[in-house]
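Structures given as structure tokens follow.
First chain A sits with chain B, and in the next complex the same chain sits with chain C.
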Partner chain A sequence: MSTTVIVFLVLYYVVVLGIGYWAARRGAGENLEGYLLGGRNVGPMTTALTLQSTTMSGYMFLGAGGLGFAQGYWALWYAVGDIGGGVLNLSVIGRRMRKLSQMLGALTSIEYLEKRYPSPAIRLIGGTLTVFLLGFYVLAQLIAGGKGMALVTGMPYPVALAIAVLVILIYTFMGGYLAVAYTDFFQSLIMLVGVVWIMSAALAELGGPTAAHAQIAAVDPTLLTMWGKDLGFEGQWGVVAGALLIFSVGYMGWPHVVTRHMAMTRPATARRAGAWATLWNLFFVPTPYVLGVLAVVILPGLADPEMAIFEIAVKLLPAAVTGLVMAAIMAAIMSTADSLLLQTGSIASRDLYERFINPKATEKQMVAVSRGLVLIIAVIGYAVALVEPPTVFSIVVFATTVLGSAFLPAYVCAVWWRRANTPGALASIVAGATVAFVWEANGLVDSTQLHPMLAGVTTSTIAMVVVSLLTQRSSPVPPHILDAMTESDRVGPIPERFLRAADSSLAPAASEVAHALREEVRNDQR
Partner chain B sequence: MTLLGLPIETALVVFGFPLFWIAYTIVFLIRTRHWERDDAADDETR
Partner chain C sequence: MTNGESVLCMREQVDAVGALRIVGSIGDTSKAAIERKIYYPYFWFRARCRTTTLLGRRVVSANCLIDARNGLGATADSFETEASMVEADALLAARTTVGEADRAARRFVAHSFGRSLRMLADFGVTTKALGLVYKAFWLVRVGGLTVLVDSMTGSVYPMKAQ
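Now for the complex of A and B:
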């Protein structure tokens, strides 16, 4: 085990813990809105980078590299959609969702759905589905963290895994959303430096891009095509469309990602955040996939394709740089895991515990429940990660496909389609999740040549449109929601009457928060 | 025909999509300049 690598890792952990401590000192953990949404006070650059680093995850260093190694440039279909995922998400729903969530008095992305589509069933089904899928997604991050740390440091896998889980838990507990957002910001920069450094070393080793591609062509020319190894995906446009959709429009259906819109300082933060997201994605997103392709000639005969990027780093970089790169990889894993844990805990406490079990829960009780659940999920995740379940790629694609299929039309129509009603949203969530799940579980991709994401999103969209239109008379969208939608469309300040109306629909704990915030604003103005 | 050693079809996808997203972002920034009115109004209430 290299001392230099460990020094870099320890230094990295100290810095992220320091950021978490600083965010906690800023008062992020004092009330529920502070804990869950950072007091809706997160600026454009931080919004963009927390959005991107949360969505990138350990998948980028394991799954993306593994896919590039196995399928060559075909893997880039995922990347070229992903590059626009951030700006697409922010431009389509960012500003409107920020306004609408505030007017409806929602603190979590699932609570927002219930406020927009009034029905306890939305919250129960949406909350349960999200907790399950995000828990599953966390699992992939834990496996990635354990595998990576074990390889680079030489520590036994269970010890490496335990250290990663512990650090994530400590800083998620310390400051809630704000700690997560600011550590994500820092980690996104480390991730960028890390992948660019590995790519530079890889290209230098192979004599530049043209020479690298010539060497890959000598091994297998089909790896340079957009149709996969041995042209295995040739003409399968249904699979290509799904790969493009999953990380572009798919983001709009991920509850842990759309929460970022609700936490922005101002609705217009979405504008500049979109530009930052594209800039960061252009440099970061394609790199791990291409590194996986280059590994074909750098690491011939690699046993575990998902370890391609780790192995390149260990082989080509000096120990000091490997330490930095390892920190980058851990940054990707941890920045996603902490966000997932926080969101899972928040949704379980507010959307399930407070809403259905203890409606009179105080803020302190809810934060305690959220933290307790985070701990339970981390412990279960740790136990499951020890037995090494499926690959990181398969877990991430499964969880994100079902999430995107279930929630994409519900979130998009919430701000754009005035006729989207409760039965439509319920049908859309249930149908989308079921179809995507069945498609994944039964391996229908091969027989239908349709990506599960495409099948799921198409189904949930049709369900939303058809059921909403058929039930307009029996379940019209309530007038106060239509008013709020009209207001979210308008550019300008939210009228006081909307903020007053939001109060009456809030849970007791959230009303206290709203009241305290208004008092704070008045004090500031004095 | 190749570009940086990549078949032209691959190069079109790999470089074309990023160019599309850059254009999308620029158009988004230009068309939403008026969103800053939300900010100005918000500053007043702060």
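Now for the complex of A and C:
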């Protein structure tokens, strides 16, 4: 690896550190309320790009490229779903979930499920499942970080992996100012510019899109179809549907993603942020998949297809640009890993340890539990990534498929269906997770031609509807939840201009005031 | 005339005329009228956190308000207070205890701080209870609708249509 690459990599981190420091000092003094008020003054574009930077994980830089390399344009089915996934998620459950979680007083997405479907079992099963699956997701980031670090620095993979794990742990335990919105914003811009730059260089190398296609066709024409290498998926609409669903509606079942709705600022900001995110996705999301396809001719005989994007960057870009782009990619991977570890740690400490083991736990004890779990994940992750690393693509698809299958109906019905009750939600989570897991573990996609995501979501949806309807008498939805749902979906005769102007953080107070006024009227009538 | 009670209130930034102007700017000024004024109870805490980041040790403090009706937490900008004589029927009664509110405040501040800084750390949250403080809300009637107006921020929330 050239010295120039290393110098620009270091330069990148200095700039990121500087932005973080500037952002921290901006509202400085001891009274840093701006920090606790959670980016209230951050605009829609920064909000959107911050989100993209922390959700676009190692999957995009390794898994997507690897899939494109192996299956050609078939990989774009995954990209199509992903482009609009964020906006779909926001539109379907965003505003309502924000309001309902405020009304029910939930701080985490698993706590929200328990408050909507009152039962400790919901929290126990939901929390355990989420911790387990997010652990897998983190493993993918560790592998991606290790591989990237090895390529950038030229170090042996075990050493690079150890450094990547260590950096991620420091980021998670002591990150602080490195992780403010403005550094994520900068990072996402560099990521976008980086992949577009690599794509331009790749197309220039091959003589443009038409020439590139001709060269790919000469290697294997089936890579240019939407049916995969050797037309392996031809007519398999059950598999295509799953590939489309996983990163579109699937988002609505990921506890670590839907939790963002609960911290949303104003819904109007969120709507505009959704539009910015879609625009960013339009350019960013398909690019890694297409780069993987182009790598078939740029890097014939590539040993590890998941390294396609990194290798193209190293081969075609000037050293300085490679340094910057690789640094941004590495930073994005670290940032996603950090985000996932935080979610996993806080679910383990708040939703499991405090809720079921030690209800009087001090903050110190809960942090010890979170950090202990994070260390265990890091050690197991390191061992697995070293001994027999699975592909980033397979881990991410496994974790997201099971999460989406388990939780999608529970989160969607929580705000949209008043008859969705606790037994229905429990049955849905357990059945969805089990079917998706069994489908994945036994490779049933080949014999059934149904993607595990499609099988899992269909099962969990049926379970939610059937069990809820059968148990309406024995387990009715409590009235206070129905009231909160009414408040959260209230549009009725209220003029649109008032709904647009409404500050939904006032919803709980408004509900209390309305309740008090009704009491007053009742007392007067007596 | 009902009995008055002296309570600690957040100093209003939006008076009745201001509330009417805000609601009028959204709906119809000529039809907006003040219906009544309600004082809403919050337990007020000064929360203090300290932690060590890669850029050194930081100490941060913030106002934390716990809704005394439902126990929900929120951080707040600095505000001034004043003792006011308020008619008893305009005061909403607190339903949570100061002990419950204190635990909720610690939990909420630690959660918010961890989320904002994106790090797993013991922030050593300490709270100082500053007592029960009331915030005034204007209930403004416009057309068939009642709109809640926050007297501190001027934020609105449509309550009901008849």
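Criterion: the second predicted complex is superposed on the first by the 422 of 526 C-alpha atoms of A that agree within 3 Å, B and C clash if a C-alpha of one lies under 4 Å from a C-alpha of the other, contacts with A are read in each partner's own complex, and residues count from 1 in each chain.
The rule is simple: a residue touches a chain if its C-beta (ideal position, glycine included) is under 8 Å from a C-beta of that chain, and two chains touch if they have at least 3 such contacts.
Quick caveat: nothing in here was measured; it's all calculated off a predicted structure.
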Looking at the overlay, what does A:95 touch: chain B (first), chain C (second), both, or neither?
first
Of chain B and chain C, the chain that contacts the larger number of chain A residues
C
Touch test for A:338: chain B only (first), chain C only (second), both, or neither?
second
For A:78, is the partner it touches chain B (first), chain C (second), both, or none of the two (neither)?
neither
If you stack the two complexes on chain A, which partner ends up touching A:247: first (chain B), second (chain C), both, or neither?
neither
For A:346 in the superposed arrangement: first (chain B), second (chain C), both or neither?
second
Go through the superposed model and pick first if A:393 touches only chain B, second if only chain C, both, or neither.
neither
Can you pull the chain A residues that chain B and chain C both touch?
492-493
Chain A - residues contacting chain B, complex:
73, 76-77, 80-81, 83-84, 87-88, 91, 95, 99, 209-214, 217, 224-226, 266-268, 270-271, 274-275, 278, 281-282, 286, 491-493, 521, 524
The chain B residues in contact with chain A across the complex are 2, 4-7, 9-10, 13-14, 17-18, 20-22, 24-25, 28-29, 32, 34-39, 41-42, 44-46
Per the contact definition, I'd like the list of chain A residues that touch chain C in the complex.
17, 20-21, 24, 30-33, 35-39, 102, 105, 107-108, 170, 172-179, 263, 338-339, 341-342, 345-346, 350, 363-364, 367, 370-371, 374, 492-495, 497-499, 501-510, 512-514, 516, 520
Touch list for chain C against partner chain A, complex:
26-27, 38, 40, 51-55, 58-63, 67, 69-72, 74-78, 89, 92, 106-125, 137, 139, 143-145, 147-148, 150, 153, 155-161
